[in-house]
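Submitted below is the structure of interest, expressed as structure tokens.
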Amino acid sequence: MSLAMCKEELAEYLAVVFPQVKEDFAIDDLTEDSVTMRLLTADRHLRPGGTVSGPSMFALADVCVYAMVLARLGRMALAVTTSCSMDFMRKPEGQAQMIAKCRLLKLGRTLAVGDILMYSEGSDKPVARATMTYSVPPAGSAASVAG
Amino acid sequence: MSLAMCKEELAEYLAVVFPQVKEDFAIDDLTEDSVTMRLLTADRHLRPGGTVSGPSMFALADVCVYAMVLARLGRMALAVTTSCSMDFMRKPEGQAQMIAKCRLLKLGRTLAVGDILMYSEGSDKPVARATMTYSVPPAGSAASVAG
Amino acid sequence: MSLAMCKEELAEYLAVVFPQVKEDFAIDDLTEDSVTMRLLTADRHLRPGGTVSGPSMFALADVCVYAMVLARLGRMALAVTTSCSMDFMRKPEGQAQMIAKCRLLKLGRTLAVGDILMYSEGSDKPVARATMTYSVPPAGSAASVAG
Amino acid sequence: MSLAMCKEELAEYLAVVFPQVKEDFAIDDLTEDSVTMRLLTADRHLRPGGTVSGPSMFALADVCVYAMVLARLGRMALAVTTSCSMDFMRKPEGQAQMIAKCRLLKLGRTLAVGDILMYSEGSDKPVARATMTYSVPPAGSAASVAG
């Protein structure tokens, strides 16, 4: 098991296939089975009450597992989310960036599973957890070489 | 069991406490235990490939259960999502509006649960399903009278 | 879309590949995209307090989607559960049989998704909901002809 | 934050309020925010194919969070599961005991959330993951002093 892309290559590829990533997310750290990303919290990520919105946290969890799959399998833009579960446990701090720590639990022939804990930067109490399952295009398929 | 707000009152209250609703979502139908809402699909809701993004579908499912809770309990802006599960089953049509049909499965003293099927308008195959759980502030608490 | 097995053939096949089904579950109704099954509630299905246990409800939801996949695809014993989400909403009645109404939401090339509402017989308030995802062995694979 | 019961007291209390625990599960380790338990795998926990069944893994995940809540809050038999999500990632070994490592992510006034990774003993690849949410009876309520 090894990485197909380093952190810099991954950030560059994500910026190409998923342009909104560049403004919204940054990669802090990448290993063979984990990635740490952050939400560059801005007004557009907040909900009434001034906390980070659910859709923004969903997007952060989702991009982590997408990034992890790309980092391991290489340029495979068409991996798609098939399911997710999330628990929202504490109020996210609207003034802080949000840090997501993702572990890759499985990278199989057709499915990848990652779980994520999210924190408001500076706190060690998890704000939310998520599990995301991705469908991975079979090696050699048209989809797997797209992008 | 009865509604605390009709469809028009609900739309008006949502527009006040959750201003982005106005541009992104519309209420098609409301009963005592169901609501049908639509995503007014625009470029900002799409992801690479031109399909509706995961965060946009999350937001649509989430606003349905929020709307359902408000319609039943009245002006209680501080109900918050505590958990969700979603399955993404088909490619959503990026050119179509997305219709969400939500059933309220439970409205308890502290928790409300709704499930949602989402369709690209004009198709009867579900694109995604979701279940959202909300924490409802206890009647008479400060939170329950806020907003 | 059509059924590969009728209700009686399905019950017979389940009894062969999954012998505990015979004592624990019965099929009430089967259509091309739905199945209704019941838990033949006995003492071994109860938990402290005399209500139906979580694992028994999990098993009921799980067997519904398994049965649905078999009914559509034929004798394919090796379909396996890949994920589930459940919400427990009301106290199940320990004296009543439990009825599960399952809709098949997707039957794809590699994944099948079904959702389930469970009721204590005689009540119309759902006790629990579940979504189960199955991995379906590719047509023609060794797994797909086993059993 | 501290424990209301040590490992031995917890095992004893579980055996009283939840008698099947004694034969099916053992507590390996307990800290203020984690518990490790094992399934004492026997024939009754297996499914066709000789692997550990889904309901048995559900039961293992469920008892972990129940044990964790009791260990922290004391004798509160009536805490109940309100939701779960599970992902089944690898084939569990039917000959091995199953080890579950549970982290308590939140212990709030009304809800507790724990997540669990499960392994076949002797392997470091997770077989399954689960998140369980419990509803905790309010302090001082009849339910909280039952059992």
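Things worth noting here:
Order of writing sets the labels: A, B, C and D. Residues in every chain begin at 1.
Just so we're on the same page, a residue touches a chain if its C-beta (ideal position, glycine included) is under 8 Å from a C-beta of that chain, and two chains touch if they have at least 3 such contacts.
All values reported here derive from a predicted model rather than from experimental measurement.
Relative to chain D, the chain whose mean Cα position lies farthest away is B. Note on interfaces C-D and B-C: more C-beta pairs are in contact across C-D. Matching residue numbers shows that B-D is the pair in A-B, B-D or A-D whose interface repeats A-C, with more than half of the contact pairs in common. A straight line joining the Cα centres of chain B and chain C is 28 Å long. Centroids built from CA atoms put chain D at 24 Å from chain C.
Annotation for chain A: residues touching 2 or more other chains are 82-83, 85, 87, 89, 133. The touching residues of chain B, counted against chain C in their complex, run 85, 87, 89-90, 105-106, 108, 113, 115, 117, 126, 129, 131, 133.
Listed in rising order, the residues of chain A touching chain B in the complex are 17-19, 47-49, 53-56, 58-59, 62, 77-78, 80-89.
Those residues of chain C whose C-beta lies close enough to touch chain A in the complex are 82-83, 85, 110-111, 133, 135.
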